[in-house]
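These notes are about the structure you will find just below.
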Amino acid sequence: MQRILSYPEAIKEAIVQEMTQNPSVIVLGQGVDDPKGILGTTKGLVDKFGSERVFDTPLAEDGMTGVAIGAALAGLRPIHVHIRMDFLLLAMNQLINMAAKMRYMFGGEVFVPMVVRAIIGKSWGQGAQHSQSIYPLFMNIPGLKIFAPSTPYDAKGCLIQGIRDNNPVLFIEHRLLYYQRGHVPTESYTVPFGKARILAKGKDITLVGISQMVIECLRARQYLKEIHIDAEIIDPVSLSPLDINTILDSVLKTKRLMVIDNAWMTCGAGAEIVAQLIERNIPRDVVIKRMGFASVPCPTTPALEQHFYPDAKEIALNAYQMLFSGKRAWQPDTELQIEEIEFKGPF
Amino acid sequence: MDEQIHILAEKFYKSLYRIRRVEEEIARIYPTDKIKSPVHLSIGQEAISVGVCEALRPNDTVFGTYRGHATYLAKGGNLEKMIAELYGKSTGCSKGKGGSMHLIDVAKGVMGTSAIVGTTIPLSVGYSYALKYRNSNAIVVCFIGEGAVDEGAFHESVNFAALKRLPVLFVCENNRYAIHSHHLSRSHSDNIYERVQTYGMQAERIDDGDIFKIYEFTSNYIKRIMLGNITPVFLECITYRWKEHVGPNDDFHLGYRTKGEAEYWIQNDQLKKLKSLLDTDISSNIESAVDLEIKNAFEFAEESHFPEVKELYTNLFKDE
Amino acid sequence: MQRILSYPEAIKEAIVQEMTQNPSVIVLGQGVDDPKGILGTTKGLVDKFGSERVFDTPLAEDGMTGVAIGAALAGLRPIHVHIRMDFLLLAMNQLINMAAKMRYMFGGEVFVPMVVRAIIGKSWGQGAQHSQSIYPLFMNIPGLKIFAPSTPYDAKGCLIQGIRDNNPVLFIEHRLLYYQRGHVPTESYTVPFGKARILAKGKDITLVGISQMVIECLRARQYLKEIHIDAEIIDPVSLSPLDINTILDSVLKTKRLMVIDNAWMTCGAGAEIVAQLIERNIPRDVVIKRMGFASVPCPTTPALEQHFYPDAKEIALNAYQMLFSGKRAWQPDTELQIEEIEFKGPF
Amino acid sequence: MDEQIHILAEKFYKSLYRIRRVEEEIARIYPTDKIKSPVHLSIGQEAISVGVCEALRPNDTVFGTYRGHATYLAKGGNLEKMIAELYGKSTGCSKGKGGSMHLIDVAKGVMGTSAIVGTTIPLSVGYSYALKYRNSNAIVVCFIGEGAVDEGAFHESVNFAALKRLPVLFVCENNRYAIHSHHLSRSHSDNIYERVQTYGMQAERIDDGDIFKIYEFTSNYIKRIMLGNITPVFLECITYRWKEHVGPNDDFHLGYRTKGEAEYWIQNDQLKKLKSLLDTDISSNIESAVDLEIKNAFEFAEESHFPEVKELYTNLFKDE
């Protein structure tokens, strides 16, 4: 029997296991010890590990990031939690000017083992300031590692890897992924940086989806099946470093690529993936397209918000058009009951 | 009762009753999913906005927080447009793009609320710089929670306002909590106003929520500004949030705070107090007028249209 | 007779002209009124316009950015000056969560007319925290406009355009461009957003250089002449919005493209340019390459720093290899006296 | 003279003379372009680092600023590696990758200096959190300029240190200027230490630069920590920078400050004062030993190699 956990349960299990085996691991952030416990992911930790290891912070994202870095320099392994990724915009100075650079600018004399958990919001009127997904800003910066897992299995494995890693790690979670359930082994395990995961095999088109967009890709795959298009779905999992080879191999096979960013596209992960493939001289007949957020702040009203984000139908439609451009008219079957995506594993 | 007090009480009651009832109606409607963005109710804290804004002049400007319904309404923000905004309709004050956390009414001097804690503090200060630069005698009021005081932006902004002697009134609504986190779990001392004094400005605390004191403090500040004595001031108002941090419900069951703690504030409800100062016919006239206005505003929101898809791409840049 | 100005003189002239004709224009920033006056660009302004319009600020990048936004909301047109672009990492919250979003999230009710001047450092041991060029982080964000002019002519015209623009504008200056001299008309003029500039015509390869890298491209062009390679040099000038069509036209002609970023490459402007070209289905035989900073923080020692940045010789060598891969060995003539690049205009 | 004072004076003189002479030598060499990064000299301010660091124990930790030569040396940082770092050599304390603004000596508890103002403040606090967590009785000293006090990070860090009662000593070297900007053109009031008191910690000012007072303040703090009374403290030291903000020259001709203003501090030079407390043979012994050490350090730097090109890509990540 496979053990099934939800995404937040997987996150919490990773933290509990690491905190149990290593007293240097601490958790800090606004609300980590409160009754809601960061959507459950830190709930009860303070009772288990005490308020010196699990503590609420003042509303001071820049300062508290520096505090986490300082604690890391002294040998602790802080996990700094932000319930909205948007709040990282207050912490860029410490993350980029310090955490990412300290080891290099001190010639290797120090290291900064810390994890920054950043949750991306979506829907229910989150709006312009509570919905941002700004991983491209961090991908540009050398010295940071970035995970954005989509499955409960990877959530646990990546987080454990991140906690054990001796460098600053950004761990990106999407709220809607919190509904995902899937196989998660009981024991401790790690998922490596720099290794993408093929979530579904296919031969006609490669869909690379980042964070929650990979779920939309999996749904799109169901729509596409109906018209016998067989999509291969890739989750990069690790955004820095990025595993371009897995994507390359897939594209060499399918000759068609769509990257669906969970962010604005300009200077985004999609752009980077495309550029790396081109530099690797992929065959001339490969067709490529990027999708992502509309190039505006996120509006609150659902009437507009639903058009702000790519979704499974739009992905399916674009894929269809890439294969059969102009040949016949098709719309994804709005009646089709897309079964809830659940990750069976093992991976 | 002295005539002056009576006139004030009537004004205050009208504004306060209106805000309370609007939010109660929001709380009632919220579960129907007609409201399309998270709401942070100010129920229990409204007297601060009312006391301050009743002392302001039309050309004074306010900046508020995501818990901004009271600020918006107290300063005269359009009710229909606010409800339509909550409903995500194109007739909303932000065309449905902002929701409850991004209210604005430029004509009334409500220059906007923000969902990122502390962000409107320097905006208020910058706005007041422009006012002083233009020799206007208007002021800016910057409403914040005590949680915003934790942020570096608070320190930077207060310092600059003090340095440049700007016409800005900071109003800190200290309801003791930032979400579920008590002020004293984020700060060693309970003395925000005293810290602010050290930057070089008058800073006081009103700890019983008395709307008349709040009004008087603001009026005195305005008088001083009109005499040309331009400096910033800071007012810390102790208060209490009755509802949960976000959403329409009570949350005493969560255990981070007790009902007992709330008792003083519920007893001390300024709305009740004001009502007791008024003749029944006066208060009921106010109530029925306001009730009707609210009913109409929700109907307006109901009947308004959602924005068209093409609106997704408008309003990014001016002149484009 | 053409009037020749240096790049900083052109910047100062733009500010003086705009301040003279519009009392709403103010200048703030650390050191704008001090004896050095931001490398001369604001020198003497306080005497001319008074300390209410030209003022030093506390060391408070986040707060002062918010102050500038607030002043802009009230109808002023602040020019906020940062002597190092690295310091913008302290101001990301106000720039991205507020300035870029306010107009949209308030449904068009307000506008934020402000200019943020950000100077990029290089050489003389600036090191990891004083050399960053983080325009890709801003290109990702809808609601910001970005200029990065390389010529004195464009410096003046873009800055005037930026000051008159009713939206937040990031104006990026590279310290080494301060040595550039060129034709600058006396009268006031604007240079539009979204229009790239062809600085030199050529038929064999397109070199797109951003900010100071376009100077390196012009130098590379000299080297390449020696072996009869005729490079076309494009300066995007405006990074947001980006003029892809000028680049596209050039690439359709030359069939070869190198983008030389003045920044780290991952999720950079080069990636975006490549992705946009691919999405426009450029012919299959076009060869593409990106260059940019080494993917590490900038080291101080010149022994390493010289390898951190692309330079004219490396650009020339790469261009050569793109054209004659493996055919013959060539090294840019290290003796060749590259004439100082000076912009004659008129443009 | 009392024996205890004499012993201290000798220790102080040795450290202070060494720092002064190192920086004078840096200033002398600088125009030759052998030094490969901008230098921010502490000449005139060194007594603060010396007074504090002489009271520290080896396992105490310091964080400094880009004006960090004095801090680094006073805490025992390796001189040869420092000069080699300035020369951009692979033998430098940061392998030539950091330069003058990024000095570190982990073995000696110098945990690094930063070119971004204010960034080491929260680092110091976080480091001290870890010390307290581990029940160490060590402390952290956080050296900053008064300019850093402007930054939001200062407020956030001091607040957290006070809240958690952390073993950290903040030392503010208030030389009145941030580059060319006077403290009072950035802050309305000249009372940093008083503001810090309101966060809930002891905060004092020493306004004459007296090295013995600085030493005594630090020693008392350490004593208190050893007794288990763990709280942060703040020390504001008024001081004066003799040289220009960056570089080896005087800058009184620029006009942002006057030579007259400097006069008190030049008269009050702690180096001179200490020397006057010592027998001539003692001071000359110190001087010749130090002079030799400095000569050797510069030779070491001269003779060291620049890093090899492949070093460009090392040290980005640990374990890679």
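Going in written order, the chains are labelled A, B, C and D, and every chain counts its residues from 1.
Please note the rule applied: contacts are C-beta pairs under 8 Å (C-beta built on N, C-alpha and C of every residue); 3 or more make two chains touch, one makes a residue touch a chain.
Small disclaimer: the values here were computed from a predicted structure and weren't measured.
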Chains contacting each of subunit A and subunit D, listed by label: B, C
Chain whose Cα centroid lies at the greatest distance from that of subunit D: B
Mean-CA-position distance for subunit C and subunit A (Å): 32
Subunit C and subunit D, separation of their C-alpha mean positions in angstrom: 37
Distance from subunit D to subunit B - Cα centre to Cα centre, in angstrom: 46
Multi-chain contact sites of subunit C, meaning residues that touch two or more partners: 57-58, 60, 62-63, 86, 90, 93, 97, 104-105, 127-129, 142-143, 295-297, 299
Interface hub residues of subunit B, defined as touching at least two other chains: 92, 96-98, 102, 114, 116, 150-153, 155-156, 159, 163, 185-187, 316
Overall pattern in which the protein chains touch one another (line/ring/star/complete/other): complete
Residues of subunit C touching subunit B in the complex: 26, 52-53, 57-58, 60, 62-76, 78, 93-94, 97-98, 102-111, 113, 142-143, 145, 165-167
Complex contacts: residues of subunit C adjacent to subunit A: 62, 86, 89-90, 92-93, 96-97, 100-101, 104-105, 127-129, 132, 134, 136-137, 139-143, 240, 242, 263-264, 266-272, 274-275, 278-279, 284-285, 288-290, 295-297, 299
Complex interface listing, subunit C residues touching subunit D: 30-31, 34-36, 56-63, 86-87, 90, 124-130, 294-297, 299-304, 307-308
Interface residues, subunit D side, partner subunit C - complex: 36-38, 88-89, 92, 96-102, 114-118, 147-148, 150-152, 178-181, 185-187, 254-256, 306-309, 311-313, 316
Residues of subunit B touching subunit D in the complex: 150-156, 159, 162-163, 165, 185-189, 191, 194-195, 198-201
